[in-house]
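Shared chain: chain A. Partners: chain B in the first complex, chain C in the second.
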Partner chain A sequence: MAGYALKRLMTEYKELTTRPPEGIIAAPIDEDNFFEWECLITGPEETCFANGVFPARITFPQDYPLSPPKMRFTCGIFHPNIYADGRVCISILHAPGDDPTGYEASNERWSPVQSIEKILLSVVSMLAEPNDESPANVSAAKMWREDRAQFEKIADQLVRKTLCLPASEA
Partner chain B sequence: MHALRIMCSILGIVVEKSGERDESARVLCANHVSILDHLAIDILTPCLLPSVWDIPSVIRWCFGYVDLGAARGREQLVNGAKQLLAKETEMPLLAFPEGIITSGEKALIKFNTWSFEVSPIIQPVSVRVWRPYPWKIAVSVLGATWWSDLFYFFALPFTVISVEYLPKMEKRDTESLEEFTQRVAATLAANLKITVSKFGISDASEAAKRMKNDRERVRKTAGKEKTSPRLVDARQMDECAMKIKQSYPKFHLSAIRNDLEKTRNQTTTVNNLKMGKVEEVGDGGAGGAYVGKIPLDASSWRNVFNSRKWNMIETNRQKYMERDA
Partner chain C sequence: MNTGNPDAARRHNQAPLGIVSMLSRTPFPSVESYLALSLCVAVIASASVFTTFRSQPELQRLLEEELRNNTRLSSAYGLINLEALAGNTLFQIAHYLLSDTTLIWVAINSYFAILAMCAKLIIKLTFKELSRQEETVARQAFFSYILLTIVYLSVVSGPQRGYKVMPWTLWAGICGFLSHLQFVTCQRLKYTSPSCDRGSQKVSFLSLFLFFVSIAMSVMVSRVQNHLEWHSTVLLYFDCLLAVFRSTFILFRCISSSRVFSFNPDSVRHFNYFLELTTNFVCESIQMLSYAQLFIVSPGLNLTSIFFLYHMKLTYNCMREQHARHRTHKKIFEHIESAYPSVKAANSDDRCVVCWELLGSSRRLPCSHQFHDWCLMWWLAQDSSCPTCRCTIPSPQEEVRQAEPTARVQFQGGQVAFLYVPSFSFDLPASLASFFGRAAEPSDEQLAVMVEQVREMFPQMTTEAIMGDLRQSGSAQSTIENILEGRIGMNGSFMPTLDDELSDESENEMEFEEPAEVVQEPDAGRHRTWTKLSSSSGEDDLSYYEIQRAKMIETYRRKYLASDKAADLRAMGITE
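Let's turn to the complex of A and B:
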């Protein structure tokens, strides 16, 4: 089982290295453990996350790709669909039948034909368009709805942090 | 009380008295400059002191404090004090309405009104403490523990506590409790030639806490600076490189990270940057974008990732700053 997972991960690693999608990179943290990856996602243009480079970790199960991996941001991102501890909550990371929020259509769910690249692209569009109907972070969803300016300010501070820029005064 | 006097002279505590104690005032109210104020006044006039401190009960007993239940709230304290005064017809009640020890050199802390509620007639008492020249050690410093203050009392050859009784003061009918409290505080402050602070005990303890925290933080960071721990894994070095980049933006992240790989130490790398041992951005070389063909060998892909990672941050950083400009 793990052998197949390893082979599949290797193929995806090669694909991501030779043909990296725009603004996304990913690789195993340690050459000895292919089940633990780190990735960087560039915030989508024209959004409050633009130009931010957000680090995250992806953990694969031994039966990958039958079961979906788990993804967790390590930069303290404040977003309606990301839990306070960084775990990402989007439908592509949930297997059919396992629906924590009850809002997801099963065609958006995880299946073995999905891939790391598709997950990361979904995360990019999630950054651009938060789904505040099934929030993982309720206060972020509330702020996104009611106080967009403040939400954008928090996002901008994080963007600066990920770019090694000092926090802005304003 | 003679026993106390002898004990104090052996320990080097000299008590000076001036002014006259007025028997009609049942409450004495003094400024608080040391933990032995109470003892000094007690030698001159035996008195009661409600314990408002959180000290072990054995020590409270030694000092002759009475527990009026200050811990159970103000109501309890005022009622307890009134009852005690009704019972004890001789001894007055001694209160330190500042509620905390101060240097007595700058200002009085805003008085707590509880002791003024106990009795409408109050005799203010001013307390000054001084030590002869070579032992000019502060009697009490902010945030010090009561036992360290006590130690200096015993360790130094002598300490002079001068106690001055001021004329008694009576609450006027038209005055509110606060006004009366303020008037007494002003009289006492004038006698000590200092002012009354607008800060109360809670502000003072807040300041003490803040000072303690600051001191601890300074000590911690100082320790870190000196040792600057050896960076063991890639993740620590990545974090460190990003931290350095914040202060030295002229250097490319991958150049910083490469140097860290060699030095494994934040301070050493920072010194290398300062001394120009690392190339700055624009010189190309060290951290140019990953160009050319991706090697087929999977073991080198990790380097491709790292190089892309630092470039990704650098280019987005550039874009962000141009965007803002």
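Let's turn to the complex of A and C:
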């Protein structure tokens, strides 16, 4: 398609800088390439990820917003819906056509109505409420279900790491 | 396809990066290495010429004599000119170069190197950095051009090699230079939106430059055509036509994406769509004709003629696929026009949710959501629900889905048949082709062939990933497109270097967060972090992102330290 991806991404960037949502920063890594973004999201309050500042990268396809972007965390986050290499597995980031897990209804998938801000907000709520029915990281899902204390300890270590604080001794 | 497949992810994590990644990381043969090599060769050659001239003064006299007695030159330039020229040292050197085959090739190579350098410079000046994807695609296009050129040269030069091939090499060089620039520009224009003025001025300059160069090429050909055989002239004209059409396309694209037309985005989209369609059709027909011409010229039925037949077939497939796609789009568009009323936006500042631009006149779906014609068209081409509320909307999708497989299978049938009986399937009539591909699903054998084709291009992809996509797409071509556009295999198997870089950079990003060290010396670690943070927020040349990041980390650090979880840290004396 004759893309309007660039224009839309520029509009979204303008929107994000003029009215920044609480606890979210997103910007293109290089202003000459609007298809690679860097973002920071903060862990939702009253969860084990609270106050953590997690960096991630978003890569946009050239037919954005018809196809969803891809997002990956670059801080080694341990979470049931995030692959070990950081890729985020969340239904709104899946193209309408494909269903890797077989769990999602098509109305939860990507649509051009979504935006960077909405994606990041969804990811924040995913951090708060992992969906362990279709885990991307099986060991994380298992730990989340069976050993919540250990899971929270790992999350807390990461939060401290992202805040440049010393790790707890225990 | 398998972005969410945990198995694939695990496989990737276990798989050592190995040779494939090493090869893809080695940018060989890169332009830089080629330029360096050419420079060395040119320097050595000119040094040797220089020493020869120095050491043998009688050579100069000999050359002068030779030039005077050269009948061909004297007939071309007249005697008076020649007398003056023969005395000129530069002319003598040129004559000396032309008398030695090795030196001629060195000169031609330097010419290529200069063209390559110019192309690289122009691209750098106009587009700054190309993205990795653009680079990959451009590289592939360039290498296939080189392969084609080699075969092309072997045909046009005929059985007698040597002097005859040299002008053709020069011509191929300038054509390659032009088509590479055009390709890169087309790629870039394809994905930039109308009325987006980032660097568009530079692109306009480039488009004008390309246009003038292609016109100049045509003028040059028309000048020399009397000295050439008819088939060479035809080939040259095909090349010129191709260059002119592409340049015109780029020029029109630049004009249509200027701000002047931004008040009416939908008609610009309309214009661009048809402009692209026509240009593609025209260029592919020209290419087809030129392959046909080469096929006729190539001596006898040998490997080269099969090669050209194969390329004709590829071009034909391209055209067919494009036609099928256009038919689908047309059908959807007609459906949109007939089924959904065109309405004005209720509020003047309502925006289309797809492109985020002002709605103006738009189409209203039964669920009362409104979109631009083209935004709706592109979305309906891949989905049959309203983007906003996801309610299923009656669309021509069902018809399209029924129509599409037959068109595709025809193409596969042709291709598979072609692999076995090359010359036969080329002029296979459409009815016969459809007979060949009557089966709705590609058979396992066909799939295996297609997997091989895809793997030839992307050896690093896993067979299962390719197979999975082929089952859905039904054609090797669309799977290759899917891979190139990152719809499959982005779980690291394609572009491993990207992944590595990402993780490398993320390490850099977190460079001041070394927990191991901090555990040993908490105070030192804390101090270091603070200086870093405060210095980064104080500087002016930092980007918006970096400043915001520093602020954010600072805020959340305070919050964390105030929370219950940080009891041990407070006990250690870290309170801020």
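Criterion: the second predicted complex is superposed on the first by the 167 of 170 C-alpha atoms of A that agree within 3 Å, B and C clash if a C-alpha of one lies under 4 Å from a C-alpha of the other, contacts with A are read in each partner's own complex, and residues count from 1 in each chain.
What we mean here is this: contacts are C-beta pairs under 8 Å (C-beta built on N, C-alpha and C of every residue); 3 or more make two chains touch, one makes a residue touch a chain.
Only a predicted model underlies this, so the values are computations on that prediction, with no experimental measurement involved.
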Three-chain arrangement built on chain A, chain B and chain C clash or fit: clash
Which of chain B and chain C A:L163 touches, first, second, both or neither: both
First, second, both or neither for A:T17, with chain B first and chain C second: both
Which superposed partner A:A128 touches (first chain B, second chain C, both, neither): neither
Which of chain B and chain C A:V53 touches, first, second, both or neither: both
Contacts of A:Y4 with chain B and chain C, given as first, second, both or neither: second
Chain A residues touched - chain C or chain B, whichever exceeds: C
First (chain B), second (chain C), both or neither touched by A:I154: neither
Single chain C stretch clashing with chain B - from 2-10, 488-496 or 524-532: 524-532
Residues of chain A contacting chain B in one complex and chain C in the other: 10, 17, 20, 23, 25, 27, 40, 42, 50-53, 159-160, 162-166
Complex interface listing, chain C residues touching chain A: 1-6, 9, 12-13, 128-129, 131, 133, 190-196, 198, 265, 269, 272-273, 276, 353-357, 375, 378-379, 382-383, 385, 387-388, 390, 472, 485-487, 490-492, 499, 502-503, 505-506, 509-510, 512-513, 515, 518-519, 522, 525-526, 529, 533, 543-545, 548-549, 552-553, 556-557, 559-561, 563, 565-566, 568-569, 572, 574
In the complex with chain B, residue positions of chain A that touch it: 10, 13-14, 17-18, 20, 23, 25-29, 31, 40, 42, 50-53, 159-160, 162-166
Partner chain A, residues of chain B touching it in the complex: 234, 242-243, 245-246, 249, 253, 294, 298-299, 301-302, 304-305, 308-309, 312-313, 316-317, 319-321, 323
Footprint of chain C on chain A - complex, ascending: 1-8, 10-12, 17, 20, 23, 25, 27, 30, 32-33, 35-36, 38, 40, 42, 50-53, 55, 57, 59, 61-63, 65-67, 70, 72, 74-75, 83-85, 87, 89, 93-98, 100-101, 106-107, 111-113, 134-138, 156-157, 159-169
